[in-house]
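Got some structures for you, see below.
In the two complexes that follow, chain A is the common piece, with chain B as its partner first and chain C second.
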Partner chain A sequence: MELINPGVVDLSRFQFALTALYHFMFVPLTLGLTFMLAAMETVYVVTGRQIYKDMAQFWGKLFGINFAIGVATGITMEFEFGTNWSMYSRFFGDMFGTPLAIEGLMAFFMESTFVGLMFFGWDRLSRPAHLAVTYLVALGSNLSALWILVANASMNMPEGAHFDPDTMRMQFDSVVKVIFNPDAQAKFVHTSVAGYISAAMFVMGISAFYILRGQHKAFAARSFRMAALFGIISTVAVITLGDVLGRLDYEHQPTKIAAIEGLWHTSKPPFEPWLAFALPDDAKQENHLEIGVPFVLTPLVAHSFDTPITGMTELEEQAGPRIVSGIQALSALRRYGQGHDPADLAQFRAHEADMGFGFLAMRHAPGQDVTAISAAEMDSVVRQTEPDILPNVFVTFWSFRIMVFLSLWFFAVFALSAYVSLKNRLERNRLLLKLCMWSIPLPILATEFGWITAEAGRQPWTVFNRLPTFLSASSHSVGYMIFSLAGFALLYSAFIAAELFLMFKYARLGPDHGAHGAHGSHLTVAHDRKDAFSIVSSLSS
Partner chain B sequence: MSIMRLTGLAVALVVSLLFAVFVGDQGPWYFAWVVGTVMIILIAGAGAILLDAQDEQASEREI
Partner chain C sequence: MDSYAILKLLWAAILGILFIGLGVMVGMDMGVGTLLRFVGRNDGERRTALNIIGPHWDGNQVWFILGGGAIFAAFPTLYATSFSVFYVVMILLLFSMILRPVAFEYRSKADSRHWRASWDVAFLVSGALPMFIYGAAFGNVLEGVGYHFGWTGQYYQDESFLSYLVNPFAILCGLMSVALSVYQGGVMLMLRSEEPIHGRARRYAMRGGIAAAILFATGGVWISRLNGFRLTDADPGMPANPIQGQHVTVSAGGWLENFQAHPALWLIPLLGVACMLFGTLMVRADRPVLAWWTGVGSWIGTIGTVGTAMFPFLMPSATTPDQSLTIWNSTASAYGLACMLVVAAIFVPIILSYTSWCYYVMRGKVRTADVIHDTHSY
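This part shows the complex of A and B:
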């Protein structure tokens, strides 16, 4: 059996990483800004003060720019599963396609429908009705994320499905198990709330810019206060959910947690330090220049003081018997496919849990056929396959640390900002205001590194312990992959440039521009429409 | 309050309770997200209203 060209697999991975990371520059802001708009509009409906309507409309305009480009970058990814990951789609399409379809039919349609009402309904709907629409937009955008993360959780912790040896694919069993998968729950809340942080920093940073310039003082002070409070609670929540995800990985993906912690050998509790700095060397399987905080790793990962955490070397050794068992599973499956003998099926079932490890051994089997491995060759194939169970440790280790260090920075900035804002001393703290402004892109960077940790740490699998990445790609040519990759990079870079240009332009113009001069009049509605249409035409030109 | 509105609110209450019981049991983190998001919105809103009150108090002092 001929395997897919490794260069094509790497290019497919790089292309997906590129498109996903580009797309995810827009997503967090959408997830969080919608709820911030809802908060501002709630205050407007409760108090009746015009300034909160101004806030909802102005930040809504910036949300609109981000939303339009975010949607455009997301659509291509859904097609990419079919074009670049056809083997994966064949094997796991039932599981993965269902949440994606629900996302398209339910959340995306809901979000897209109500976003129009939100922009153009200010003078057509009653205040409570418009508020309800804003909440539905917020719910819709977050439900979109929910279904994507349900699909992603199925890859990280497959539940609610079984492998069918007749169709050679994973079949859907239980929608409840898929939706309520613990990984989906924790990942959804972690990601959604990370979006709240991105939005809070965005609103706080731009408000800080106005305060520093002495512009729109009342508007900026209220926006800043709301964002600071929104941000500090969200940061506490995101750190809590990060711990929950770490705990789940410790239980279900020990290779990922060992790579995150740069733990080559099983830990010695309770002293084992948490490494704040190290240079993991994947080839030599050791760390250089370790700087750690003693007594922290065990309670942090295992939530106990005396539980050893299995290191990567030991995890490799533990994988040996599973690789042998996986080879037996694939051999039985091959025989069952040829003769449909119940005895072969029974043997397959006995080793089914390790089938993925059999796939993993294919790269080292003679002719990439595990059924052709002789008894004399078995030990050599197993030894060669064992290191393949590990992800890229350097990437996983550092992407996790960058995310964690950034989240601690957000905690400090939001806590200080909330305190200073509550004391009404914002204008006297110019350094803090500058820090808020410069921190605008950092939460988006943190979510990107969070994704890299989750996805790079899952390797070598697309479906954890079931399907290796090198078997999941489509059999394109290298030339095709380079051409499409360059096309995506150019197109998406243009999207980013358009987003930055429009964001800077409208943020600099401030809330007094256009619609926000004469509220509630027909003139305002016309301005609103003109602004919305000018944004859309700027994007399309 | 009309009987229709009362019935509507009662239905909403029952649906909310059933939602809370089911989601709280099956998906505690989803439930935490719903409750937490509402809490974040309310605290952020309360912060803004507090600023209005602080501004009014400052204006009164100046007068």
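This part shows the complex of A and C:
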């Protein structure tokens, strides 16, 4: 068995991370802004006050600029599993493809069809009908997130499937278990609410900018207050659900939780400190410069005061017998594939649960063939494979901490903003307003680090304990990967430049611009070439 | 026939419907993108053309996304293998596809001439290139693709991507797909525009229809000389695994055997050519509604012909024919197929009804003067 060039696997992982992280710079804002738009429009329909329609239309325009790139980069994601993760897609296609297809049928179609009416239908639909359309867009985008996270959860916590030796694939056998996977439920709420925080900070920050400049006062004050309240509720929810997810990882992905906490050796409750700072050293398997808060770790992770949490060194030792058993599973499986002998099938069944660990040993087996390891070589293969069960501890540890520290910062900013806004003292708190403005990109950053925590912490697996990442990739040449990576980097950089240009332009123009009747003075394309990238809007002046 | 085999067949039919839906709905928007600079001589006219599909392109594009998702869910082995085997081509498709949503949303949001001209080029590339690759992929699959599987199910590639790009038959199929999309896009523009866009669109739609008919007929003659694949023994209810369990023979003209065995099947390619020619006449007679529906018939005829010729193959392997992907060996589990069937039965009617409602709400001609004065338009 020839393994895929490790360089190609790394490049494939890099490309996936690049395209996924980039996609998820835009999605959180979509998830949250749609609901904020719906809330603004609801107030408009109920009270009939024009200012709320202006709010919905202005924030709707910024939403559109963001939405387009979210849609575009989502196309890449839908196909990248097939283009770069062939073995994974075949092995796990039932489980991952099904939620993805349901997402298309149930959610993405709805969101994409109605978003056209949301932008174009203001004058063609009655007020309640347009409001209903806006809610359907919000529902569609959030249902989309639900199904994507159902798919993601089945990678982290495979439930509702069994491996079939006749097809060499995981076969889907329970839709109920897939949908009600606890990891999916918690992750959906955690992630979509993180999107609401991004949207709240976005609206609050831009409103703060207007208040600082003394522009659009009534509009900005209303938007600011709505966003602050939306933000504080969302931050409480995101922290609560984050705790639920941590608890699930503790039960189902002990390697991830140990890496998140930098726990090299099994904890000693109740004193065991929670590390606020440390420099984990993956090579030496120890931490440098630990600064911890005593007594916090055990209740935080295990929700108890006396349960020890297994450390990474111990997890490695526990993996030893599973690696041996996994090697036996694969040897039996291969013989079964050649001869279809029931005895081989029985032997495979006996070791089936450890099959993934057999795959993991491939890298260290002589000739990369685990089915031909001699008794003399077995011990050394197992020893070499054991450390492979751990993710990159430094990355997992720090991406988790950045996310958590940022969420505490959001809590403080939203709480203070809500208080000051309700007291009508916003204009006097210029420092707070500036902090709100500068905090606009931070929730998106926190979301990105959340993804890194979850997915880097899942390593070395694509399907947890079932299929290792190094086996999952497509066997491309380095040249192919350089071609696609360079193209994505180039295109996506151009997109973000165009996005930021338009976002700043329309944010600076503000809500007065274009909300009311249009006129035609700037409508033809500027013929003066010096006017290139002119700030004068053609659309809405 | 056992129930698993019936489920596999049903999903093959659904896959065909998705390919047709993709060709019609996405092809139409891409045709408009391709024609943008040709039917619109100034910025106002171009914006009019864009706003004709403005409220609908995003919904239509989901046919493409759903096509990917459905192949992933129902034919995971096909999804895993075809997209990887065609890597460079697929990546080119993605690059051009992802330009389009951004082009729609961004083009008219800044006033500079360079800005808009650049996005117009993006519309041309993201209209013509994906449709070309879509057709060329069918051409390559008909000729057979070089891959085989290892014992774990990992695929190995046996050919260079160049053989998929520089391939005369695939180029013909690609051009045919572009021609159909130009036809459908032109007809859509006719439906909802006034002069002068209407007249220009009409001319391009006619050219598209005639070109499609000629290319389709040429392709038909060409196929009779291509190597075709034949499944000599396989159980339709077999465990879905291409590694072993079937035998395949290869012979010149083999793709015509299904037609020769059941001559009534010749009606399918006949329907395709008839629709292309009749549609062209309808365009000439300025009957865009009828022409739109014959465009649907052209896609049914085209995809139907390819599906019938290849049945039961999905993607034959030219280097290891016994490991060719077929309807029988590439699907998900019976449970997965049944589950997805229920979901599709519930949601497809709902999707069709709200899509129709959206077209109804946005019905009527799009006028250049209105587009320019509307603050919500592209």
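Definition applied: the second predicted complex is superposed on the first by the 515 of 541 C-alpha atoms of A that agree within 3 Å, B and C clash if a C-alpha of one lies under 4 Å from a C-alpha of the other, contacts with A are read in each partner's own complex, and residues count from 1 in each chain.
Methods note: a contact is a pair of C-beta atoms (placed from the backbone, for glycine too) under 8 Å apart; a residue touches a chain by one contact, two chains touch by 3 or more.
Since we're looking at a predicted model, the values are computed, not measured.
In the superposed model, A:V189 lies in contact with chain B only, and not with chain C. Of the two partner chains placed around the shared chain by superposition, neither chain B nor chain C is touched by A:F219.
Touched residues of chain A, counted separately for chain B and chain C, are more numerous for C. When the two complexes are overlaid on their common chain A, residue A:R49 makes contact with chain B while staying clear of chain C. Once chain A of one complex is fitted onto chain A of the other, the partner contacts of A:Y210 are absent, as it touches neither chain B nor chain C.
Look at A:F24: by the touch rule set out above, it reaches neither chain B nor chain C. In the superposition on chain A, A:S234 makes contact with chain B only, not with chain C.
Of the two partner chains, chain B is the only one that A:F35 touches; chain C does not reach it.
Of the two partner chains placed by superposition, A:F202 touches none, neither chain B nor chain C.
On chain A, the surface touched by chain B in one complex and the surface touched by chain C in the other have no residue in common.
Only residues 35-36, 38-40, 42-43, 46-47, 49, 52, 176, 179-180, 182, 185-186, 188-189, 192-193, 196, 218, 221-222, 225-230, 233-234, 237, 241, 244, 418, 421-422, 424 of chain A touch chain B when the two sit together in their complex.
On the side of chain B, the complex with chain A involves touching residues 26-30, 32-33, 36-37, 39-41, 43-52, 54-55, 58.
Listed in rising order, the residues of chain A touching chain C in the complex are 1-2, 4, 64-65, 67-69, 71-76, 78-79, 81-94, 96-98, 100-106, 108-110, 112-117, 119-122, 124-125, 164, 166-169, 171-173, 175, 334, 337, 471, 474-476, 480, 483-484, 487-488, 491, 495, 498, 501-502, 505-506, 514-515, 518-520, 522-527, 529, 531-534, 536-540. Within the complex, the chain C residues that touch chain A are 43-44, 51, 54-59, 61-62, 64-66, 68-74, 76-77, 79-84, 87-88, 90-91, 94-95, 97-102, 104-106, 108-116, 150-157, 161, 239-241, 243-244, 332-333, 335-336, 339-340, 343-344, 347-348, 351, 354-355, 358, 361-362, 372-377.
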